[in-house]
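Naming follows writing order (A, B, C, D and E), and every chain is counted from residue 1.
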Amino acid sequence: MGILSWLILIPFLTALAVIFTPDSKKIRWVALIGTGIHLVVTAVASWRYLELIQGNFDSKALFTQLQMTEKLPWFASLGIQYFLGVDGISMLMTILTSIIIFTGVLASWDVENRAREFYSLLLILVTGVFGVFLSFDLFLFFMFYEVAVLPMYLLIGVWGTGPKEYSAMKLTLMLMVGSALLLVGFLALYHGSGLHTFDFTQIATVRFPKEFQFWVFPTIFIGFGILGALYPFHTWSPDGHASAPTAVSMLHAGVLMKMGGYGALRIAVYLLPDGAKDWGLFFMGLTTINILYGAFGAIKQKDLKFFTAYSSVSHCGMVLFGVASLNMLGFKGAVYQMFSHGIMTGLFFSLIGMVYGRTHTRIISEMGGIAKVMPWLATCFYIGGFASLGLPGLAGFVAESHIFLGGFFGNVWSDITVMRILTILATMSIVVTAVYVLRGLGSVFLGPITDHHFDGLTDAKLTEKLCTGILVATLIFAGVFPIFMGHMIEGSLVPILNRLQASGALAAIGH
Amino acid sequence: MSFLSNFEWSQNIFYLLAGAMVFFGFFTVVTKHILRSAIYLMSVLFFSAGIYLLLGADFLAGAQVLIYIGGIIVLLVFAVMLTRSADLAEDHPPLTRKLFGAAGAITFFVVSAYLIEQSPLIIEKSLPSESASIASLGKSFVDIGASGYALPFELISILLLGVLIGGAVIARKEMRTK
Amino acid sequence: MGEWITNSAWLITALPLFSFIIVGLFLRPLNEKLAAGVATASIGLAWLSSLLLASHYFSAEVSAEAQKTLIPWTVEWLKFQEGVTVNFGVLLDPISVMMLVVVTTVSFLVHFYSLSYMHGESGYGRYFTYLNLFTFSMLGLVVAPNIFQTYFFWELVGVSSFLLIGFYYQKPSAVAASKKAFIVTRFADLGFFIGILILGYFGFKISGEIQTGSQPLDYAFLTHPEVLKAFLNLHLANGNSLLALALLLVFMGAAGKSAMFPLHIWLPDAMEGPTPVSALIHAATMVVAGVYLVARLFPVFSTVPDVLTVIAGIGLFTSAFAAIIACTQDDIKRVLAFSTLSQLGYMMFSLGLATMAEPLGYTASMFHLFTHAFFKALLFLGAGSIIHAVHSNDVWEMGGLKKKMPITHITFAMAVLAIAGIWPFSGFFSKDEILATALHGEHYVHFIGGLLVAGLTAFYMARIYFLSFWGKARTEKSSHAHESSWVMLAPLGFLALLSLTTGFIPFAEFVKIGAPLQQEGIDLHVAIPGTLMALLGLSLSAWMYTGTLNVPKKISVALGQFYVAIKNKFYVDEVYSFITHQIIFRFVAAPVAWFDRNVVDGGVNLTGAAMRGWSSALTLIQTGQLQTYLLWFVFGTVTASLLLWGIFLGMV
Amino acid sequence: MNIFLPELTVLATGLIVLIYDLFAIKKDNSKFSTYFSLLGLILAFVLVALGDSGQALGGRFAVEGIEPWFKLIFLGSSILTLTFTAETFTSKAQEKLNHPAEFHTMMLFSITGMMFLVSSRDLISLYVSLELATIPLFLLAAWTKNIRSGEGSLKYLLSGALASAILLYGFGLLYGLTGEMSLAQIGPKLTANPALWLAAGMVLAGVGFKLTLFPFHMWAPDTYESAPTSITAFLSVASKAAGLALFFQLYYRVFSTHTLSFQFIISLFAAATMTLGNVVAIKQKNIKRFMAYSAISQAGYLMMGFLGTSHESTASIIFYLLVYALTNLTAFAVIVHHTHNQDDESIEGLRGLSLSHPILALIFMIALFGLAGIPPLSGFVGKFFLFSVAAKSGYYWLVTIAALNSTVSLYYYLRIIRQMYIEPLNPQEHPMKSSGLFKMGLGIGVLGSVVCGLIPMIYEHIDTNTIEWLSTLHVLGMK
Amino acid sequence: MLRQIVLLSLFLFSTGLYGILTRRSSVGLFIAIEMMINAAIINFVAFNRFLAPSHIDGQVMGIFAMALAAAEVLVGMAILVMLFRQRKNTDIQSMNSLKH
């Protein structure tokens, strides 16, 4: 039982522990301890990973270098294995998820209604997410992928607010349509490779024919795009997040949407380089709309959660923009953005939950000047807001500068001027983001107190301070010391890039 | 029963029987009165027993007369009496039902006939005069060898037993009044 | 000894950061007084060390080699990709050391001044934390060795100004002003960022061919002669040079920060912040960051002359435009804000006129920046002390403060003379040099414009001087105003002293670029007309605003509509808000939100509804009629057989 | 003699239950007949599991390769069905079943028929065992003897009669084309000519009726709705499995040399059946009619397995059939328990079940997610293998339709879960106590529907059996 | 001769089919079914006679088919009687309470 299996097993065991704890008061403590242990184990795993690679990687590698791998045959006759491994990107994503679930449990500290089912479903969802980030067998990946999506229905349906059934159903169905596309794509990969195995490190050795890649790549990319809020398929995210309870929307926007970006990068681009080249520009255009559309959409939103949902549509658009730009900068930017946006949205939704817990309204116009009453929450909200508009010194800036620089540097296979125009359009989003962030936060927090029975509201409790404190600290740490993340993911992006170049003419970028 | 062996003589008998069967068959499904339709069915079955004789399956002809006409027709007539559908107003189905039914039956007939006509049926050149004897038929029911059919024979007995019991349970009037 | 000082130069920037963290996180909740004290002390320490550094740096033996730029300390911050790495560090060269001195001096004085000015305000500790953050980011910007670090601190400066302008976050106008400031500068920074992208990419391409041992975004690389040659032969699709486009975009960023004409609307509103903030940020430091950036990239700008002419044009227009508006404003801080605008225009156009061949404009602009920082800070702090006493910004509610606030009066008067450009004061020397560049470079339009602006400056400065200090107290509040405490007066005195003496510093030796300057001392051809215009302005204003104040009323009535237009700042603000609210919000944001809710969302709901409709249609084939079922059955068999047979024949 | 043992045990149990009922003193003997039949079935199950393959009656009866799995599925599903029908004999609901002894005998005879269907090797015994398997079900469907069940069973009977007549005609044609009765001889002699395709069409009709494939499924919703719920469960699992066994016999033995030309028609049937089943199920109000359509759509997925040409395809059909049986019966167990206690067959009746009976609701949810094919349940694993088989032979369009269909199926399964978990408690819901037997049956069902997918042994075992089975038949292109 | 018999049986089968699809009374349906099964039996006997006279498989099948037909009709009548007791009529086209 390697450490990676423990990473998947701990949340599941905590879920069981939650179900069987007798006293309902202690449930949240059990959940907290479980996720706390998980945080420690993740730290140990990432420390060991960094030791294993010591920052050096062979830049000519064509295949992902996996560490701490575990391989057990499962359905041997079909070539399905229980194959876990970790490289820089999945390690980073595991750290992100571990932080988000820990703070998520903290943020949903006062869920009373059927707390037992709530926490167990939440932990099962997170088990699925860890499974996705750590598994390197397509079947296992797909299995954990759907395990991660399904509890959403009950979590939103039972504990949500507003039109919860409608949005829960819409969310689950759209994500399942996405996973249906993925199913077709994975089966195409499995049978196309002729290797009779689902292990995608082996499938990576196969050079699929161009026409095959031409139709399989969009299927898989759109399959992941639906989860990663790709433009026309993002409609589930505003409704879903608005109706979901705090911890669920934290997990969903923070982590699940990243599985979309992660999968697009890890499976779509890595396994189908030629497909990526044909479709790169098209998806770049789509994601540019995504970015601006999300930003403009957020300006006019009345509900705080819709506001954040549209902002995460725009930021997730940047992730896919980075992936579609098919160069080292774009990939690094995409992974940074996944991490930073994950933390940012986690912070946002936890804060909205806390504010809602006090003012019992999420309508922006109904609130005003509450910074006076809750300075800690206001400051954290503003730090989150500045991170989302890409203020240097916070994680957002590092990610955005990578993505825009990557978009501008372009790649050899797509028309460079079109890419530059799209990048400039995308860069405009930093202004629009500034507009809607300041408008939204300003009208909620600043100005005179509009409603007098807000006067008695209290500032953050200890658990809330801890939750927001961790997230803010991570944002600042990631913004001020990007070197730490750089070492981690650089090694694992090089193979994806080499495969792109190897399949195309060997005109490396620039030199 | 080898008198059927000479060929062209049996040919005209066959045409006679076939004609009768077609005539009565047609009327079974067309008549309005259910009782008359049962009677026509009886005559169709009777003539088909004739054809079996023609084809040398004399035991089968006997069985046909016994089981079909003796058993099933009587059962049907009882059913008609029991459900008093005899004095049911003429059973004339709505026109659309007839048209669709006719269309279905005719397409089925035409398609199957065409397909069967197209296919070459392998006919045994030499027609042995001696048709299989009844003894061999009886033996096959109990022969547990490769050519025997003991298994279906047993199954039929189980089925009939089951059906009798089940039928009794269903048809019986329930003890407690509803 | 020398090396130790320069090597520890990073300490100057680090001090405000450490104090920001300590004060912000730990001291502020404990006790605000101590927090303020620590904050001020750390800036004081930074001031002393920057003075030490400057004296060492400009001392005889170091400045012998012309403009020796040295990077004592650098650390790798982020490796974007193989050839593109960004290192954070400290770069010392004449203008950066000069700026270090300016920023730390004004910042220290403002800190000291605020100890008493902000006394008793709620959020006292928070104010000092933000001030420290601002000083740190300004210092970081000043010493940046590469354009990326400049952008990094550029944004941080923007955010700290946002926090400080919006300090009184209870006041809706302050909130709106801070938001406007941030968004307008952010819009300008978009141009700056795209400029960086262009410079970054093509710099990376060029760094492939030319080995300069420095990263593509470093100033050393950008100002390297061969690199510039390589840049020049890169052309856009439509023919004009790529470098021009990049520099125009960078200038857009600078224009936004230094509130040049189209992007100036945020500065007047920024006066909503506390006055010491305006003194520090909107007079001495932040607003000159744009000028500093252009100066920093001057060698690159000089290779593309037409960009410089554009800068000069905008500079001149802004200074004239602002000067005219300043004459009609009633709020004392608005007047000072517009005067800053006009002085910035001065500096910009003087930079615009300079060339590598005759770089007088460059030195003049830096010199003006240096002197202006002090007397404008003095004006603002003076105004602050008046407002502190009279509790109102409106000039018409003041009057007769001469007797009640003697020290403020004297220092304010000296500053007015300095800005007007009267002989012993520093304003005279720096303004002269600028006018000299215009004259020697045969830029007569700029020369005459400069003179006119000098006159107008003298006029509106004298106006607020006379209205506030002379005559009798017009309102009850101003009648029993009293002198501020010594804590506020000491900085005023010191700044007054500075505005007297800085004029005489032989600036040309310290800050110079390109070819050596020919003439020395004051050029009479410029001095005389300048002083005349200044005296004319002063006397005109004295005439109008000391006696019975009916002359200005008559003039304003005479000018009629034109006067009203000027008073409303030529309605530029209204144009902007029209564009953002009516056009962007109404015709872009709202339709997008609607489009998403109805069309894209509608599409999804439509498929759902279509599925349900299809389902209810399909249930109808289950009619309950057995014979229909059997019909389906028969047709099913027939079609199955035909299909199978068809496939067999290879038809289907 | 020993390879007949399982069939004989089942038959013997049936007869003994019947005779006991005749002589038993007239008290409620449903207890005895249930437990005795269960005992018999379990004994038979063990005998089949341990029994080895072989031939008897000169090749007329044989037990080879994959067939024991069919028998295990028949016996297993009947055991599970009996566990939850035990309480229907004593329930006060309007659907109370009486005559328990005859009920069990009918069911046991039907199971015997199914088992013989699997092992018979000639047309006559195939047809007779098919009839033995189906006719008792007509009677069982009418067991509650009211108008609804009468109408439903009559429709079932008449459709069945037509299907068996057409099948008989088809067998006649097969006999006519080859002059042989035993399946082993017919296969090689069948040369491709039009009459063969007519016979094939008729065979498809007969099989389609049993498997509720698209044009032949019309009877299913009405009969499922009106029949007693436990019989609906039995119909949806065992009778479908029998249909599949019949198609196995004919597809792999009789039409073994023409399987390729069947592929396209099977894909059409699969696509039509699953789409119709899924789409119509959306609008259903009655839980039993809803399960009918869900069963129809599952038949569509099952047909996808025949598109492959490798041993994996056959193995995945059997595996999915096993998983479907377990999951479906668990779902029906809860439905039977709920309809009999609340006497309410509507989906709304399930409102708030998670509040009143959390464990029952959880089990029902697991079963529904299993049917929808959601990981980590074995339904997902089974469906994944089926889709992989279809994808392997290039039917990507069918895999896409199937994947989208399972999303639609998720919609209506979630609609039920919504009733249970999200809607407030149903006021008339009175507490239901469940017997030990019912709990045991439920436990087996849930355990099976979760474990089969996780531990690979079951699939591997089926796979080895299939390889061995296919090697005995020389099916076109099968390896 | 064989082709004529097969054609005859096909005709009988189709008339039976017509009977099933149109008859209103349930008993009429059973009558039609009997006719179809009988047609199938004729087929079997004819094939046996002409194709494999040495064996008697066809006739055995015939006999078993008759038995099965009898069983089917018996079940049919049982259900019909039970249904008639409650519905008082056996018109199959009016039995459409179970639909959609």
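Methods note: contacts are C-beta pairs under 8 Å (C-beta built on N, C-alpha and C of every residue); 3 or more make two chains touch, one makes a residue touch a chain.
Because the structure is predicted, anything quoted here is derived from the model rather than measured.
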Distance-to-centre winner among chains (Cα means, whole assembly as reference): A
Mean-CA-position distance for subunit D and subunit C (Å): 78
Approximate Å spacing (C-alpha centroids) for the pair subunit A, subunit C: 36
Intercentroid distance (Cα basis), subunit E paired with subunit B, Å: 7
Whole-Å gap separating subunit B and subunit C, where each centre is the average of the chain's CA atoms: 104
Sites on subunit A at which at least two other chains make contact: 173
Subunit E, residues touching no fewer than two other chains: 6, 13, 16-17, 20-22, 26, 30, 48, 51-52, 55, 57-58, 60, 64, 68, 71, 75, 78-80, 82, 92-93, 95, 97-99
For subunit C, residues that touch 2 or more chains besides their own: 619, 622, 624, 626-628, 630-631, 634-635, 637-638, 641-642, 645
Pairwise chain contacts, counting only pairs that touch as defined: A-C, A-D, B-C, B-D, B-E, C-D, C-E, D-E
Contacting residues of subunit A [partner subunit D, same complex]: 73-78, 139, 142-144, 146-147, 150, 153-154, 157-158, 164-165, 169, 172-173, 176-177, 180-181, 183-184, 187-188, 190-191
Footprint of subunit C on subunit B - complex, ascending: 97, 100-101, 104-105, 107-108, 111-112, 115
Interface residues, subunit C side, partner subunit D - complex: 611-612, 614-616, 618-619, 622, 624, 626, 628-630, 632-633, 635-645, 647-648, 652
Subunit B - residues contacting subunit D, complex: 111-112, 114-116, 118-122, 124, 144-152, 155-156, 158-159, 162-163, 165-167, 169-170, 174
Partner subunit D, residues of subunit E touching it in the complex: 6, 13, 16, 20, 26, 29-30, 33, 36-37, 39-40, 43-44, 47-48, 51-52, 55, 57-58, 60-61, 64-65, 68, 71-72, 75-76, 78-80, 82-83, 86-87, 92, 95, 97-99
